[in-house]
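The structure follows.
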Amino acid sequence: MPAEKQPVPFRGAGFDPTPRRFASWIAFAGILLAWQAASSTGLLPELFMPSPDAVLSALARMSASGELWLHLGTSIRRIVLGFLLGAFAGLLLGLAMGIFSMARAVGLPIVSALFPIPKIALLPLLILWFGIGETSKVATIALGVFFPTAVAAKTAVDGVARNLIRMAQSFGTPASAIVWKIVLPGALPGILGGLRIAASIALILVTAAEMIGAEYGVGALVLGAGNLMQTDKLVAGVVLLSLMGLAVSFGIGLLERRLLRWR
Amino acid sequence: MQLIARAVGHRYGALEVLAGIDIEVREGETLALIGPSGCGKSTLLGILGGMIEASAGSVELRGVPPAGCLNPLTYVFQDFALLPWRSVADNVALGLEHHAIGRRERKERIEAVLALTGLGDFADAYPRQLSGGMRQRVGIARAIAVRPAVLLMDEPLSALDAQTRELLQEELTAIWARERTTTVYVTHNLTEALHLADRVAVLSRRPGRLKQILEVPIPREERASPAHAPMLAQLHAALWDQIRVEAAAADREVADAG
Amino acid sequence: KASVGALAFVSSAPIFIAKEKGYFERQGLDVEVKFFQAAQPIAVAVASGDVDFGITGLTGGFFNLAAKGALKMVAAQSREEPGFNFVGYLVTPKAYEAGFKTVKDYPGKTVGITTVGSTFHYNIGMLADKYGFKLSDVSLKPLQTVPNMVAAMKGGQVDSILLPANQALGLERDGAGKIIGWVHEHTPWQLGALFTSTSNTTAKRSTVQKFVDAYVMACADYAAAFHDRDASGKRVFGPKADALIPILQKYVKPEPNADQVKASVSFIDPQGRLMVRDLYNQVAWYKAQGMVDASADAKTMMDLGFLKQHLDLPN
Amino acid sequence: MPAEKQPVPFRGAGFDPTPRRFASWIAFAGILLAWQAASSTGLLPELFMPSPDAVLSALARMSASGELWLHLGTSIRRIVLGFLLGAFAGLLLGLAMGIFSMARAVGLPIVSALFPIPKIALLPLLILWFGIGETSKVATIALGVFFPTAVAAKTAVDGVARNLIRMAQSFGTPASAIVWKIVLPGALPGILGGLRIAASIALILVTAAEMIGAEYGVGALVLGAGNLMQTDKLVAGVVLLSLMGLAVSFGIGLLERRLLRWR
Amino acid sequence: MQLIARAVGHRYGALEVLAGIDIEVREGETLALIGPSGCGKSTLLGILGGMIEASAGSVELRGVPPAGCLNPLTYVFQDFALLPWRSVADNVALGLEHHAIGRRERKERIEAVLALTGLGDFADAYPRQLSGGMRQRVGIARAIAVRPAVLLMDEPLSALDAQTRELLQEELTAIWARERTTTVYVTHNLTEALHLADRVAVLSRRPGRLKQILEVPIPREERASPAHAPMLAQLHAALWDQIRVEAAAADREVADAG
């Protein structure tokens, strides 16, 4: 480098993908338009993939006939019941495992052994126990929600900064108050994260359970439409599921924003 | 009140961390505790404060606690240990809950300590909205609110940047001048120890033993003056000689041999 | 007081008749009918004592429960009897055009059934045995429910399904399928039974006896009303049938019209007698398929003492 | 507090649940024993829940007859194929979205819209496209794996410490080398975490897909056994699924330990 | 080499951070850069090093680069910025990759700088196995390995505890005495600036302007002696006066107004 005098070159650019909300919306709209165009020109045969407007009109038809609400209502009832049951029980066990050595020693091996089982596999057993009706489906969902909630709650309690607990102890705060004032609020973000996963598992399970022997529910709708090659109804059902997923995720997001304002 | 440790020793499993520590913290004084990394300073402070059960020896408090004292031995933590989900005022309130004081007195005490630490305008702010220096001020306010007999501070300023540290040192000096709280102050920073403490206790490397207790013979208010600079520099050099070799060894020690 | 678990199908008719005509009351029994969604749970409910009696078709699941000594068959329900259309083989029009015209063409085809070990599964198995093809050459798709099966056939995912006459005829009328035969034409068999728990046959033997007596009276009524045929073998329904149809309409769900009832009524032995040798064959077949435990013994699955004489007793 | 002289009380106890491996194993063994005892004494009727030894012997019988290996082999083939396909494609898209603004703008809205759909609901559509055979099942699994992998890869790339990238730039490292030497290794932990989730989703999906119209596979085994009320076979199938889940999780754990030795 | 900034200004969006900075870093000197939090010190260093594009003004290097210089402007980072998945030797190697030097020379250079920083025994260790002080030594070794014309250090010691910091200060002094590398050294710590720098540049609060450049009139080797303590204390007091008010204001500034 024999240069006697040289400007300092700029070398800090890149690796900073910006969100570009605008481009995202354009891209999304563009995809929908391209899809519609491909369908209209016959490039994408209706038989294999319905056009967006066909899906919309299928939704409208089903809504008018009430079929939509029947399927949606059935699925939502199952999810809500199963989710509440499973989340409540999972929370109790998870907190206990996070706080008490004994609960952990007994609970953890069981949870670890049962966690990797896809809960849908328990549906046949639950049908034997509870019959083919609602109970077995709700129980499947509850089980599917129970385990991730319990594990998330335990992990969240483990993750509560020990220094905060020691701090409270150093001020003479009694143990029960420490649970309420330190452990629970500190574990809340992790628990909500666990519930988010649990909710998406509940959605998978309700779909699968409804596909395996239910008359109503979005899962039954989708399978039936698929078997009848009614692709417009099928994709409409898939859109419903996507919306349900987005709604749940939005709901938990709302909860997070309310409960975790301090973050 | 006085805090007296007698023949205190501690082991974590097979690791001997402290051995035969006899220390007497005098009423109203600030005792700085220095020593190489890992020599057991935090452990000793924990034992003094009743947060760690010593393997050997005993600790006791002597004298009459100050009026309105709710928690004789009170900590100020290096990492501030604020509850992120509580506002500044509610964080200070934590130490007052579960103690027999009325709602009104609690409110008055909170207001008083927030004013004292210059946080009056931030009573409703959450910790994430504060700078590091302000967070530690909340930690100090919370500790003072319970009117402790002895304040235990474990490197309270070491998580702050140099400028904020100097500022808080000045404020601590002011608070001590007013409250005259007995204080044990753990630090790595010799300059800080010489700036704040009445006496400096030096621990040897692990297992920590009391190597020396050094009186700082200059009134706290005058230590900033250039006239005393050579003397402080000498004290600094003396202390640094006592721990430099061990500090170097500790720094070279592989933190996580694996 | 007794309870009986049943499906809301025409095939449960003797129970409905016995209750409506007061035959149970005359035996001093107060019988409550509990409806189930599927055959399987009825067997479980009887085995666990939730209900005292059950009446449904016989499946692999039933035999497995019976093999554990929990259940005993005591009388007959429907059977595939020559001349009485009950379950038919239905193929898609496309498969029909392509040459799927008789039951001997099943090898290489895809067939929708409800579940493994269902009566439909057994029907295909019997065809395989009778016509000498390998059951493994037929691709059986378990689709769990009858609506799924119908949908799968309409969608062309399977070549054939088996359906009760009423639904099969409806589909053929709509042009959605072709009936290529009826089960009774190829493999008559004992399709369903009335059963109770083993403990009932000992501890409450007299109650079971009274129940069976009332049931058999209703079977006789049923047979008198629905078994008539004219000279050409075609079934005819007279005034006795018209008298019973409203009773069936009251219980069957979804409520059928008279013609649908007529298309659905199967053959039920007038004296409630079981075709015992056929039941032995069924158990043997399920055992051969590995669907029923090898230690199962058909003999222990029935208590033949409640009727004077059953049919076809093995030596 | 009028005391002139008082010992300092210990107040730092608790909130430190210890793992107690020992107790865990004892608890686990105890549960198995209790289960076996309840079964043997007839407290737990064989009809509803088989005893552990009945499950073991069902496994032994199925293994001897080869049925076990047929079902297991079928499921594993489907999982492996679907997982490899989905993970590879997901990785590519995820990395692209993490690095390039354009890929992010286009990819993110699509991924966000399709992510919440339970992929099992796409099975009927995939059956229409690919027929009822293997392809549709493998494709369902691949889709189920694709999305979490893509999202995890993107998030992991986002999470790579920007200061490390700036550091490399300050030494004049070219952009392509930064991708290889900084971005990829830095994103690896997050990617492996995503693959862990993807694997458990693959297990759920293979089970559900096999329950909906398959002759072989562990899902078909479980559902068929339920229909035949062969509870011993049913629970044996569930145990197989649990073992498969543990095996996958162990495998990824192994991979993590090899690739992330530096942690 | 000399590093010369002319009329440098910078804005982040609407926020003006630096205005009209003219600075000349002399060959072989160590220039400390101090100023209140958020005044733009890091931004200025980024602009000097070519990592941030200045909104106004220009920066240039003048003179002949040292022999074997691979990367004229080289950073040492506050958070060390080590690749956790590379061993110590491989971390040092990063700066040598993608430059036209042979395998053998690369190996020699790595060994040389590891020996110089006392890391010879830790060539194969991963960063997580090192203490904070050792990690920063790796950062320094990596920077020296490329034989930079100017070393840019952004608070390189502020993430370390006080003892380790003093140790590394001594080592830095030793290295500079040998290598005489031109250095720009950002710090919050006035004592550190006075201990290490030839000149101290003081920035005003945001938008940062050059307030003063102060020469330290004592040879670096002699600064520890008590004889010079009063003078250093005076310089310290003078600098502290210049930034204390602004530092206090910055500390009170709510970090995340929301």
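As written, the chain order gives the labels A, B, C, D and E, with residue 1 at the start of each chain.
Note that a residue touches a chain if its C-beta (ideal position, glycine included) is under 8 Å from a C-beta of that chain, and two chains touch if they have at least 3 such contacts.
Keep in mind that what you see is a predicted model, and the values were worked out from it rather than measured.
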Common touching chains of chain E and chain B: A, D
Touching both chain A and chain B (chains): D, E
Which two chains share the largest set of C-beta contact pairs: A-D
Chain whose average C-alpha position is farthest from chain C's own: E
Centre-to-centre distance between chain E and chain A (centres being mean Cα positions), rounded to whole Å: 48
Gap in Å, rounded to a whole number, between the CA centres of chain D and chain A: 15
Distance between the centres, which are taken as Cα means, of chain C and chain B, whole angstrom: 85
Centre-to-centre distance between chain E and chain C (centres being mean Cα positions), rounded to whole Å: 89
Chain B: positions in contact with at least two other chains: 49, 51, 73, 128
Touching two or more other chains - residues of chain D: 11-12, 48, 127, 166, 169-170, 172, 212, 223, 227, 229
For chain C, residues contacting two or more additional chains: 40, 44, 144, 152, 157
Touching pairs among all chains present in the structure: A-B, A-C, A-D, A-E, B-D, B-E, C-D, D-E
Complex interface listing, chain B residues touching chain D: 3, 46, 48-53, 58-65, 69, 72-73
Chain A residues touching chain D - in the complex, by the definition given at the top: 11-12, 14-20, 23-25, 27-28, 31, 47-48, 97-102, 104-106, 108-110, 113-125, 127-129, 162, 165-166, 169-170, 172, 175, 178, 183, 200-201, 203-204, 207-208, 211-212, 218-219, 222-223, 225-227, 229, 231, 234-235, 237-238, 241-242, 244-246, 248-249
Contacting residues of chain D [partner chain B, same complex]: 1-2, 4-12
List of chain A residues in touch with chain C within their complex: 127-128, 131-133, 212-213, 215, 223-224, 226-229
Chain E residues touching chain D - in the complex, by the definition given at the top: 49, 51, 70-71, 73-75, 77, 79, 81, 83-86, 94-95, 97-99, 126-128, 146
